[in-house]
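Next, two complexes with subunit A in common: one pairs it with subunit B, the other with subunit C.
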Partner chain A sequence: MELYLNHISKVYDTKTAVDDVTLKLGPGIYGLLGANGAGKTTLMRIICDIQQATGGRVEYDHEDITGLGEEYRNVLGYLPQHFGYYPDFTAYKFMLYLASLKGLSKGYAKEKSLQLLEEVGLMEVRNKKIKTFSGGMLQRLGIAQALLNDPLVMVLDEPTVGLDPKERVKFRNMISSLSSDKIVIFSTHIVSDIEYIADQILVMKSGRIMHQGRPEEITKEVEGKVWECRVQGKEVDRYVAEYNVGNLKHEGSDTVLRIVSDEKPMEEAIQVAPTLEDLYLYYFEEAGEEQ
Partner chain B sequence: MEEQRLRKALRQYTVPVPRPEQKAMTKLLASKALANKPLTQGKPFLQRLRELAAYISPTTWILQAMVLLLVLSGLTGSNGAQLFTTFSIVTPLLGIIGGCELIRSYGHNMWELEMSCRHNLRSIFAVKMLILGCVDFFVLGAAIFITGLSGTKFALTAVMILVPFNLSNSLYLWLIVKLRHRCTNYVLAGTGVFLSLIMLWINGALNQTLFAKIFSQYMVAVPILTASLVLLIAAAAILLRSSGKGYNKWNYI
Partner chain C sequence: MSRLIGFELEKICRRKIVWAGLVALIGLNLVFYIFTAMPSMGVMNDQGGYSKGAGAIAVDRELTKPYEGVLTDDTVKQILLDHQEKIEKTDFYARMDYAYDSVGKLFLDETGNYNGLSVKELYGADSSHREFHYARGEQQFLGYMPMLLLVMGYFLIVALSPVFSDEYMRGTDALILTSKMGKKQCAISKVTASLIFTAVVAGVVILVNWLLMVLFFGTEGWSMSIQLEMTAGDYSGVPYAMTMGQTIIYAVLLWMTAMCGLTGIVVICSSFAKSSFMALITALLIYTIPLTLSSLSFEWLQRILSFMPVIMSTVGSVLQFPLVELGGFAFNFGCLPMLTMVAVCILSFVVTKRVFRRKMV
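Up next, the complex of A and B:
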């Protein structure tokens, strides 16, 4: 099973949302890391055959997904970033509706819907209208519907938004248990989600995939660029304004700054081992400055 | 000899012919197993129609029924010319209700999820249109039949009703495809009212309305002529779009 993104591009008038992306994805979990406007959602929509690419094609097992049509959507599970619902539907009715659209038989749809609602902790509210749900409950419902047809390709756009830490742990465990025979692609701003469960990380910036690799390989990009500095109270603001500060911790009269910088920020700065969050800051803090 | 021995041995392993009740039980168990199978090879179209009809908003059915009852109630005590006028005004408005049902997918942001399903948004639109269209067709057909009984020529009645109905629905669909999220219920309602005014004008009824009394005949005619031109362009656009690239166009944002 393989998903091949072959020179995918998407251009809106003058803006290039996805710029010549080529990826070969086998079974496993792929974390798509990027700032707002990096092109993650556009890329995911193209993978789901919702949006048409300006150039290139997506192949599933060596066949163009636009040609496969229903056959491809049969094995696809998708959770969009902005998740909609019909407010008069109950959670159970919503699951049955989507099960019907996914081509599931009635008997199986009922059983699977109840099983998934149980797994995501919405069994007790299954007959309540979705408009009464909180953000976290809505997100869990979205995850449940994505799993209805036991998809082989799962595309989750910001799936952990609105979930509390306990729910995020549950979600991570759920995804980890699926990955052995599926291609799971998910995007998030929460770096720890990617760090804990992703087999491979795809770093996306300005429509391009900057890096692809395992978390420990990716963080080598910022090796030698992460520093810890101990500064006095008055100088904190100056360093915060001048450098990319990842963390700020007060220790008595001093403040310990974790700085991501190409050059040593001060004489007494100590080099420390980089994390994925440092990588994110290194790449996307630059994008923020450019904006 | 050897062959005979072999034949004799093999005959011992012949499967007995199943009895009718055994066959029936096997079929029953197989159908139960199939019902519990996750993915169907392909649902019968009627089954899909039935399943999706259950998810059409009750408000849509209520509004549909109200408008149709209004049309049918207008039939009583009306002569031929008044019937034409009534139908001509109402048929563009009938399509608004169906159009509003279709754009619920955009209005409630369900279009992304529906597009990614096996029976995707294009299929959902088609099935909903078929369901609502069939209901409208049967009721309008009954209305035509009734007017036919009152002595009005059947073909002329059908043209006066079905042409504005189909043209207005084509325009609504074009607006939905073109505008997508921006196509709200107000856009469809406004378009429908405008089309009704055109039909009033064509029937010669507009000149007698208050609107015509306030504005001169030329001022009334200009927007209506413009609207007629827009309708023609919309029809041409719809015909040009049906060039066989339908699948990709639906998935194009």
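Up next, the complex of A and C:
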């Protein structure tokens, strides 16, 4: 099983949202890491065939997904960034509706819906209207519907938004427990989600895939660029303004800054092992400033 | 797919505005019925006895009996004479004079006297255009139903505009279009559900009112020539032999196909529109503009307008045209708008499926 993104581009008037992305994705969990406006959502929509690429094509098992049509959608599970729902439907009814859209038989749909609602912790509120749900509950419902048809290709756009830490751990465990014969692509700003569950990380910036690799391989990009500095008082503001500060911790009268920088920020700075968060800051702090 | 259709029907029916509209429609039907139909009847017989509602029908029918049959000049003169005698007895006695209301008025001049016209001059030599019978119930039915159907059209537009456009607004289109049946069967289900909704609403309203008519008045008025009907609408110009019963059948078919065709138009608008509001406005314009143009008396325009759902609902405007002759076979012009609306329904499946399938989120 393979998903092949073959020179995918998407251009809107003057803006290039996806810029010549070529990826070969086999079974595994892929974390798509990028700042707002990097092109993650557009790329995911193209993979789901609800956004037309300006150039290139997406192939599933060597067949163009637009030609496969129903056959491809039958193996696809999608959770959009902004999850739409029907306020007056109950959670259970909503699952049954989507199950019927996914072509599940009546009996299996009931069974699967209840099972998934149990797994995401919504069993007790299954007969309550969705409009009464909190953000976290909605997100869990979204995750549940994406799993209805036991998809082989799962595309989850910011799936952990609105989830509290306990729910995020549960989500990570759920994704990790999915059988290894699935292709799971999820996007997030929350670096720890990627660190814990992604087999491979795709770093996306300005529509391009900057890096692809295992977390430990990716972080090598910023090896030698992460520093810990101990500063005092008014100096803190200067360093924060001048450098990319990933963490700031007060220790007595001193403040320990974790700085991501190509050059050594001060004589006494100590080089430390980089993390994925440092990589994110290194690549996306500029994008954040532009926005 | 039946489950999908069920869900789509449920989505239509869950909206509070749909139920509010249904209640308003039923309320309007009651108002029309109570104030213009059988409950509003009050008839006095020549002994001074007064009957109301259903009880008035037998008296009303009895008073009309002397004039039934092929309308002649003598019958007309008798109707006018008897009406004058009724007025002299009491105004109230003359108030519900079916024969006078249906026929007599056409034979009066400005001073209220017989204008000397003959029935052949007015209705033609063909006696099949002059068959007079007691058709009060049919008159009432054809009188208020067009207005009710006109309002029903607006109700359907409000109820069905969000069928597709709501999915775009809510963001549920992303989930639907990435599902196995989302790009084809879903659109078909939506249109099917919309048509079922329309057929049930229109069908029940028409059936209930038709049953009330038949229950209280029977069907003896069905053999009356439609050209003699002046109160329910202007049918005097219908240029071929047609009875009241045939007119009612055509009316029901015109109403049902008009409402179904309107449904097709509304769902097409909904599939294109980015918001339910745009779908609503577009559908409202398509429905209402022909009504505003209908006052222009160009025959070619009237023919074109008769293909529009709102004009089809009026019935009389459609039936006024001569029979259509095709390959030696003549048929009612009204069949053409009906067939067109059926084609619109079929087209709505094709168009909405195509538009929805290609929708980019």
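One rule holds for everything that comes next: the second predicted complex is superposed on the first by the 287 of 291 C-alpha atoms of A that agree within 3 Å, B and C clash if a C-alpha of one lies under 4 Å from a C-alpha of the other, contacts with A are read in each partner's own complex, and residues count from 1 in each chain.
Definition applied: contacts are C-beta pairs under 8 Å (C-beta built on N, C-alpha and C of every residue); 3 or more make two chains touch, one makes a residue touch a chain.
Because the structure is predicted, anything quoted here is derived from the model rather than measured.
Undergrad: Aligned on subunit A, subunit B and subunit C: do they clash or fit?
TA: Aligned on subunit A, subunit B and subunit C clash with each other.
Undergrad: Going by the contact rule set out at the top, does A:Tyr97 touch subunit B (first), subunit C (second), both, or neither?
TA: Both partners.
Undergrad: Counting only touches as set out at the top, which of subunit B and subunit C does A:Lys112 meet: first, second, both, neither?
TA: In the superposition, A:Lys112 touches subunit B alone.
Undergrad: More residues of subunit A are touched by which partner: subunit B or subunit C?
TA: Looking at subunit B versus subunit C, the one contacting more residues of subunit A is B.
Undergrad: Does the superposition put A:Asp181 against subunit B (first), subunit C (second), both, or neither?
TA: After superposition on chain A, A:Asp181 lies in contact with neither partner.
Undergrad: After the superposition on A, what does A:Glu216 contact: first (subunit B), second (subunit C), both or neither?
TA: Neither partner.
Undergrad: Classify the contacts of A:Glu70 with the two partner chains as first (subunit B alone), second (subunit C alone), both, or neither.
TA: both
Undergrad: Check whether A:Gln145 is in contact with subunit B, with subunit C, with both or with neither, and answer first, second, both or neither.
TA: Both partners.
Undergrad: Thinking of the overlay built on chain A, is A:Asp49 touched by subunit B (first), by subunit C (second), by both, or by neither?
TA: After superposition on chain A, A:Asp49 lies in contact with both partners, subunit B and subunit C.
Undergrad: Touching subunit B in one complex and subunit C in the other: list those residues of subunit A.
TA: 45, 48-52, 69-70, 73-74, 76, 78, 80, 82-86, 88, 97-98, 100-103, 106, 145, 149
Undergrad: Quick check on the complex: what are the subunit B residues that touch subunit A?
TA: Touching subunit A: residues 34-40, 42-43, 48, 51-52, 55, 57, 104, 108-120, 124, 247-248, 251-253 of subunit B.
Undergrad: Can you list the residues on subunit A that touch subunit C in the complex?
TA: Listed in rising order, the residues of subunit A that touch subunit C are 45, 48-52, 69-70, 73-74, 76, 78, 80, 82-86, 88-89, 96-98, 100-103, 106, 145, 149.
Undergrad: Going by the contact rule at the top, pick out the subunit A residues touching subunit B in the complex.
TA: Interface residues on subunit A, with respect to subunit B: 45, 48-52, 66, 69-70, 73-74, 76, 78, 80, 82-88, 93, 97-98, 100-108, 111-112, 145, 149-150.
Undergrad: Note which residues of subunit C are touching subunit A in the complex, please.
TA: Subunit C residues touching subunit A: 3-4, 7, 11, 14, 167, 170-184, 186, 359-361.
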